[in-house]
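Inspection log for the structure reproduced underneath, given as structure tokens.
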């Protein structure tokens, strides 16, 4: 593992059952689900279906990527996601007639990011409990979004931008490309930059991070701003690809994102987490949805199965942690 | 400790304040005006939502009709929750308003409140959605395009378009939501009643959300492919989601897609030939009609049990002559 | 004074051994405590005192050995068992509930009831009587969190006294008490002794041990060294027993040519913590900052590093006045602080050795975007080697390492930042002997290479051996500056206990 | 200690927040709505607060213990469905009791996940939220169940003692009983100790895990009660009845002053929070303020209160060994 000159590698960290579980659980779970899928439905293992699986969660997956940072830095969760998604989507379409599609999309993303920045200020700088802070901002922003459009639907104008969002490149939908690219940017951001290290440190031990000169408040605040930004992108993409938007557009996305991150093995206590594992969690939740329809189970069963997987994954993880702690 | 105790005492004092103020002002409550005139009377309107493409214009229609009749209209929104609505119904009754317009969010939850309204002699009219049979006995009239009927009509359309044969998928709204229940129920009951040979391949809940419909439709297309001869989407937004998935899939067959609501997007799709039909119900008119009916009841006039709002089926034959509802 | 020999045995611990991963905390330790005796336990940090007491309290199970209370051997010793057999613990760390009242804290876990309800009258009466007994002027109805720390300490004592214990353990009870409160505490201990309660008294303050102890047990490196009557020993003998070797052997000291003044602090104050503190540290110099716990020494260190703002005064580095309002500015100005509370403020337990090492300098080993992974690894590998981090696995999470190795990592983190001033707050607390020597070596090397060191320690021998000068704080005031030549345990202690006026 | 400053003013506002809110609502409602300040309004505000009130009350001990229970809405739905479903088989009262048992059982499941399997309560109850919301839809096939005896529940919302209805009287009584339990019994005090400083509580011989488990069971019981009362008084068992209730319940508890960090809170504060929020909603509803604008107000109120609370209380100083203040206490001479 290490290339130290000193020998005596007495203890290999990858060999405990706990670390083995956290490394292998996600690939194994995906393989198991794929095998089940192949058995349940002949059309499961087709390129188009597998594309669908990834595409199903590619937009909400963006939020899960942001939520990973929130959880890693010890910020629990961002419950204002639906509001920021709605803001992003509604502004993107609502501003189109005034400023044109491109600028409107940017504006939408900007507004959602501003929502995230407010969360960041409340949580990072005022140190308000994230659950309450984001519950409050979510309520305000969602209310404002409805206030802005009164009721009803905002329709998109036909635009090249919308066509691009709906198109495919090399047979892969643009939405998947965007998700993959964002994940490929955020993975090194979390694991290989100073900023990512700060997030891990702040979540791991806030005080020690502060005493080591880590800009703790900025780090925490920026994780929420990032989630706002990604919620905005998600809203914008949804609005453009759907051609219309309503305030309910992001309903429930916060829970989907949290679930994906938790299934990916990131601890709610913060201090560890990985973007790739979150991507795994996003894929697992998508596979569940896909399998339910392909196997003809009622869609209402989704929560049952997802919840059971969350309990299983986190429960086993907690068990190994305790066992490791007792040694 | 001490401060908290003071606070509690003070809160109690505030409650007393309510009560005292209440005693002094109850006399001014609800004098009954002349029969025949509703000028200045108050209607409590329990609407489904404040922000919704169909409900919002209906609310506006109700407000316009109320203004025209000179009655005071208080709109409270149950936000799609029958439980909230049932509470609001109780509140409206206890406030002693002169009439109640109710948008039932499900069939069953309003019965106790309706009984109370009856005891208090407050007339109730339902808008847009029927309540259950028991409840309807306590409701003077129903003004709206019945969602259950929309389900039935959609089944008839499907029957007609497919000539009674083939596989159908249902893309339903949010599970447990009143509209979802009525539109699914109407559709299924009609199929059963007519002993239809249409086969329902699958029912998925996509929560009246285009994105969710898109994701679910992709999976449906994967599983059933061109076995899907007909698609019953419980609103046009979800129909749009299906069409999006179909286009993406490149499967190239054209199923019968039926939606409801008469959205602008659906009109375009019907013109383009990708959607078979939708059901148009003018929301603004719905609101007006409901208030007009309730006002009649309050004036003591007799009204029919149902004041129908035309469920206009929009298809390629008449799409150019009609205006979309939203 | 009573004659302990005549009274019965209250507690007998025989052959107690306990190991933790990498550390043999206790080896075959015996302890006998009689009724009506104040039995002091002394030893350096890491000698095994707290482990022994945690075993007595039932928090740890001994690997071997037997506990006998009031003549009965107890096979499975649990916290509940310990409490039921009348053992009360008063720790350095407060063990109170901030959101309950003082009276409730005193009765916590055994609230008297009337019917289903708390019998608040009895609770209050009990609290009042115990507090009066302790001569503590605290309203039993106050929310505990609203009290000062020293008042809370009294409540902690009251809580134990209220249980009418048969054996009471005091673990560094005076560390946050003022003189007056210490006197009160001694009176209380005296009263308890006269009632036949057995008292185990743990303290670093040998004067206190001399004053109230009847017998003293010395522990060293997890072993029982000796138990003697206090009357028969001098503090010097005790120290020798505790240390077990010549001090000079332990802390080699290099004489270095002193360089320019690196840190100069003039009249800094922070309300309620310290006042008008003036000190300086030069390059190549190791300066000690002594004082009892609570004297403000940690607070001065924190303020210099920027963790807490100063209210007045001036700090200059290499002759330039600096305003350091947060740790980031501290780091940027070339200051490093190894904090006293390693677990709370030093380490990030879940992160690896590598990630902990580079935390403070991570921005210096990145390009515009990414961390230079190879360079990071090389730096860390080299440093781990130099500091003898054991086991040498830089990817292993830090919580899997012993305290001494964790401390090395914290130290290494700051050495990487190449500070001109290194502040060390209790750098060797809870560290085993081997690691301690390593740490001293590291500090020495740092000073030798031109660094300035300001070091806080409760272990006077350590300060005396390592430091070129020692500043002494007493109740937030700087009371003495003692050059190496004049520094002795006595001179420092006299200043720390306020027996000299400001130098 | 302090002179009159903005921070003291703010701390007064925080301290008397419920009073300030109730007075503000009374004034606002009195000015804007005809016949607002009446017994009727008071009665209906209290009555409407009942269901969310039971949920909020159940949540209070959980939050005092420093945990959270997100599953209360789903629990409520399950209990309601069970009650209405069983009415025609085993009669009204037994069905209601079984509804409560369902609530307790879900509470037990949460307790096991948190205490035995050591899953963080946020995650554990998120999972049970998903599972039981899903189960409620599955067992009912998404259709609300109709009561076989719709008349039975009607008296629950009839007039009772001038300002109450029977169910709201139950709610107030439950709040008072819980208040007495939390404030005046040993187990109640121990619960605060567990939430405030668990290690200290454990070292005082308090079974901290037992208390944690108990709070989840209590929360399940209260959510069950909310479901039973809701379903009986609406004569329907809806699978989505509880879906919208979680957030108002949390909001009410927090506005009342109970903290998510544990150790503080009171059922009377929760009662006040529920009533204040209910009164605010009523006043806004009556004056025709759309629901989304109400959401904006409620959200702002929540942020404002919690921010004030934060600013006033500072960083929540607890005894930390590393950062002791050297404070020389004023020593009052004692008379011997």
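Going by the order they are written in, the chains are A, B, C and D; count residues from 1 in each one.
To be clear about the criterion, contacts are C-beta pairs under 8 Å (C-beta built on N, C-alpha and C of every residue); 3 or more make two chains touch, one makes a residue touch a chain.
Just so it is clear, the model here is predicted, and its values are computed rather than measured.
The chains touching subunit A as well as subunit D are B, C.
When every chain is reduced to the mean of its CA atoms, the largest separation from subunit D belongs to C. Subunit C and subunit D, compared by their mean Cα positions, are separated by 43 Å. In whole angstrom, the spacing between the mean C-alpha positions of subunit B and subunit D is 31.
Distance from the subunit B centre to the subunit C centre is 70 Å, each centre being the mean of its Cα atoms.
The residues of subunit C that reach two or more other chains are 339, 344-345, listed in rising order.
Multi-chain contact residues, meaning those touching two or more other chains, occur in subunit A at positions 146, 247, 298, 300. Looking at subunit B, one finds that residues 49-51, 175, 205 touch two or more other chains.
On subunit C, the positions that touch subunit A within their shared complex are 21, 305, 307, 327-328, 330-332, 337, 339, 344-351, 355, 358-360, 362-363, 366, 369-371, 373, 377, 381, 384-385, 391-397, 400, 413. Of all the residues in subunit A, the ones that touch subunit B in their complex are 41, 43-44, 46, 48-49, 52, 55-56, 59, 146, 149-153, 155, 166, 173, 238, 241-244, 246-249, 251, 289-290, 293-294, 296, 298-300.
Of all the residues in subunit A, the ones that touch subunit C in their complex are 1-6, 8-11, 13, 188, 192-194, 197-198, 200-201, 204-205, 207-215, 271-272, 327. Taken together, the subunit A residues at the contact with subunit D in this complex read 76-77, 122, 126-129, 131-133, 135-147, 247, 255, 258-259, 262, 267-269, 298, 300-308, 310-311, 314-315, 318-319, 321-322.
Of all residues in subunit B, only 49-53, 55-57, 59, 175, 202-205, 207-211, 214-216, 218-220, 222-223, 225, 237, 240-241, 244, 248-249, 263-265, 326 touch subunit A in the complex they form.
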